[in-house]
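Handing you a structure now.
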Amino acid sequence: MRFIVCYKWTLDEEDIRVDRETRALALDHVRQRISPYDRNAIECGVRLAEEQGGEAVALSVGGPEVADSLKDALSRGPAHAVWVGCPELSGADAAAVAKTLAAAVRHIGEYDLLICGEGSSDYYNQQTGPRLAALLGIPAVTSVSGLTLSGRVLRAERKLEEGLEIVETDLPALVTVLPDIGEARIPNLKQILAAGKKPVVRLTPAELGLGPEALEPRARRESLLGTVADRKRIVLRGEGAVAELLTKLRAEGRC
Amino acid sequence: MYDMTLSQEEQLMLQSVREYSENVIAPAAKEADATGEFPWDVVKKGIELGLHALPIPEAYGGAGISSVLMSILAEEMSKACAGIATTLGATGLSCYPVLIAGNEEQKKLYFDTIMAGALGAFCLTEPGAGSDSGSVAATAERDGGDYVLNGSKTFITNGGVAGIYTVFATVDRSRGLKGLSAFMVERGRAGLSVGKEENKMGIRASNTTDVVFTNVRVPASHLLGREGDGFKIAMTTLDRSRHSVGAQAVGICQAALEASIRYANERKQFGKPIGANQAIQFMLADMATQTEAARWLVRRAAWLQDQGLPYSMESAMAKTFAGDTAMQVTTDAVQIFGGYGYSRDYPIEKLMRDAKIMQIFEGTNQIQRVVIAGRLLKA
Amino acid sequence: MAKLWVIAEKADTAVELLAWAKELGPAEQLVCLTGNPAAAAAAAVQGADRVLLFSGAARPEAYVPDWLALAQREEPAAILLGADRRAKEIAAALAAGLDAGLVSDCVQLRQGEGEGYYSERYIYGGLALLGETTTRRPLLATIPAGKVTPLPARAAVAVENMSGTRPDPVRLVELRPQPSVSALTEARVIVCVGRGLLKQEDLRLARDLAAAFGGEIGCTRPIAEERRWLPEKCYLGITGQKAAPELYITLGVSGQIQHMSGVRDSKCIVAVEKNDAAPIVEAADYTIIGDLYEVTPQLLAALKDQGGGR
């Protein structure tokens, strides 16, 4: 079987600083990493490949910066990686990313299950997976917290607001997974060493038949402002702190 | 000239070790220190990552990493807990005699055992032979195709938890240093027993015991190099692993420094953070400067080693300076934390206790100075 | 003038989305599409000009092909959905089919210049607010609950029944109702615990404090997902529950942005935190610097002395 896992190379928001005055974001010196939920997705694909036989393939779409992610992704167990890149794909929207992924999946050809993380840590749109399934015309099962395969039938547990939904569908299909699907491994030294020797296929959207119009964003960015909590920021300490707090809360009618 | 830029693979290895150190080692450190119980779960995870086998070359199933990277990784682990870093590092130490003097079959046997997940232990020190390796009393007597080992080793890191040992014993006491020989001994050999466990001041997560050999029989094929090569093998081993001890000391310094900086910003007295006082500022500046100096002495010694250049004086300097610096920096950290630094409820005093061993083990800092001076005066 | 659609499975979601749609400016028609008769009935009296009730499927996801075909014919200018997981999947499938933009977890939506709609949403774990204007129609958006007042009731419009058989490639085996939405969204006071809590049994402290204020207990993600001391429905944050209580009290919460984003609309935030350099100090109205194990009992005692919290 072939399990294709899609991952995103995202900015680590822990490194982003907000200027309190201008609300501008300082994005330089921000490290990039594989989006955390996508690490669980990769782990899921790799475990399924071990269990069912076959291979896991890592697939990513993005700008030139994605080159830095490949060994990281491969050290987590996939047999090889496919990267569709061009500068226009840096920060592309979900519509463009899903179209590019769909073209890449068609290019890869045979597959049984596509696995995506539930959402990326940067935009958390939660739409790339189900968009991709729709474009490929295969069933999508989102918010999956557990899954099993028996033959060509996928049984999945979806964690929804109203409860746990158990569903079945036939392969090929797409799932988006929650972290519950399984803890992502810490790659060991030998896996990292081996990653450098695994094959990587590099494609451009043009090679997949996607023209510039396919990547055109559906919206124009107007503003990006750091959030600054508008709070009183009163610090209380020492013996009288508790009494002082309660006095203030009562005065405000909070308790 | 000194290009120590990490390759992408090396950066990923550091990323893995950082994740392991922060998410697996650090949360377990306090309890392992308090109870002195061996944190098998944490160590097993380190073994899975290959961190006990850092010196093993790729050809024998290891990752074959450079000494510079080894020192960076050791620093990272030690920053989270020097005791756990010692457990993993001591296995690497036990590999060096095999790496230095072993033939193909011996390397295969020893490294296969380690790569399969065993810890290793380096057995040199005896009650009567600490810094003076020439007075090793353990004996290895040739008996047909075997050697029969007798004697008692002490202060052996991983003594009670190792699956395989490198052991130093003399084939002829009258020959002094020239009789010392090195052997590989598997844990399961009849007559090998684990003696008393030390209740240590620091690095309490690590296991330190006596290892007793009573008519332990090993095939002659377990002799590393030739009879009498032992002293050379032991000294070369300590030379080669010394930068890792220095790196562990730097890791302790870094942990103490970071905690002190945080505290200096957080702790307020007389209405302002204590870091606003020049007395604290100067302490922090000195701690940071000394830590940085120690780090680069260590890395340069490792770099020389990677380049195939002479390094034993430099690694002795690095170990000595880093060990002394760790003691100084952690003592200062306790001072900055004041009463909280002295309290076992806070993580600072552990650093000070852990630091002390860095001046003692793998050649005391006094012996290192002898090595350094010897080198200086020979020239 | 354009048609505006709302798609909702729950009655309260339907009426809220209709109120959002109304705000988007004059529309030719507000249409509600649903697979739930209760939602259809509510929409019929609270804002919809046309209500289409679909049936014949076990899961609303199965209506997507019908809705897509209808959208291609009717060309609504905007399609609004709730921000629950099911709705997000439906929205994404429709957006892909229509080759349209989709604003997930939209917090602000209005008519922009020309044909465009202006939207706002949080990104980078809540660290930044992104404002965008769509460059083509339709616009799709998923909108979290609780931000608008539903439109007043009026005479009901007729509900059109769209019966039929809808094959679903995803077969429903079982739905185990287990509402993961806790009482947190409704609570007036929430006491939230974070990593500063050392042992599971110490949750008692937080429970006692919540009880004293007549509130509920919540937690940060690590407490639910890593330590598993509380069920997941208790965890607040950008990927967990969102709440906007009158009073939000944290015990040993450092105040990471991913957590604070989920409670940013709280009226008043009070923190008990040992580390006065923790981000929570900047994100709270009042912070008591101190050990939660000392401060919480003091708070409890003071509340008791003064005859309870409320």
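Per-chain numbering from 1; labels A, B and C assigned in written order.
Convention: a contact is a pair of C-beta atoms (placed from the backbone, for glycine too) under 8 Å apart; a residue touches a chain by one contact, two chains touch by 3 or more.
Quick caveat, the model's predicted, so the values are computed rather than measured.
Counted as hops between touching chains, the shortest connection from chain A to chain B is 1. The most centrally placed chain, judged by C-alpha centroids, is A.
By number of C-beta pairs in contact, A-C leads over the other of B-C and A-C.
Set against the Cα centre of chain A, the chain with the most distant centre is B. Here the spacing of chain A and chain B, counted between their Cα centres, is 40 Å.
Taking each chain's centre as the mean of its C-alpha atoms, chain B lies 53 Å from chain C. In whole angstrom, the spacing between the mean C-alpha positions of chain A and chain C is 21.
Annotation for chain B: residues touching 2 or more other chains are 268. Looking at chain A, residues 237 sit in touch with two or more other chains. Multi-chain contact residues, meaning those touching two or more other chains, occur in chain C at positions 276. Across the interface of their complex, chain A is touched by residues 8-9, 12-13, 15-16, 19-20, 23-24, 45, 48-51, 58, 61-65, 268 of chain B. Only residues 59, 84-86, 88-89, 91-93, 95-97, 99-105, 116, 118-119, 122-136, 169-181, 189, 213, 225, 238-239, 246-247, 257, 260-261, 264, 267-270, 276, 281-290, 295, 298-299, 302-303, 306, 309-310 of chain C touch chain A when the two sit together in their complex.
By the touch criterion given at the top, residues 11, 13, 16, 18, 25, 93-95, 98, 119, 121-135, 139-143, 155, 158-170, 179, 216-227, 229, 231-237, 241-243, 245-246, 248-249, 252, 254-255 of chain A touch chain C in their complex. Residues 275-277 of chain C are the ones touching chain B in the complex. Residues of chain B touching chain C in their complex: 262, 265-266, 268.
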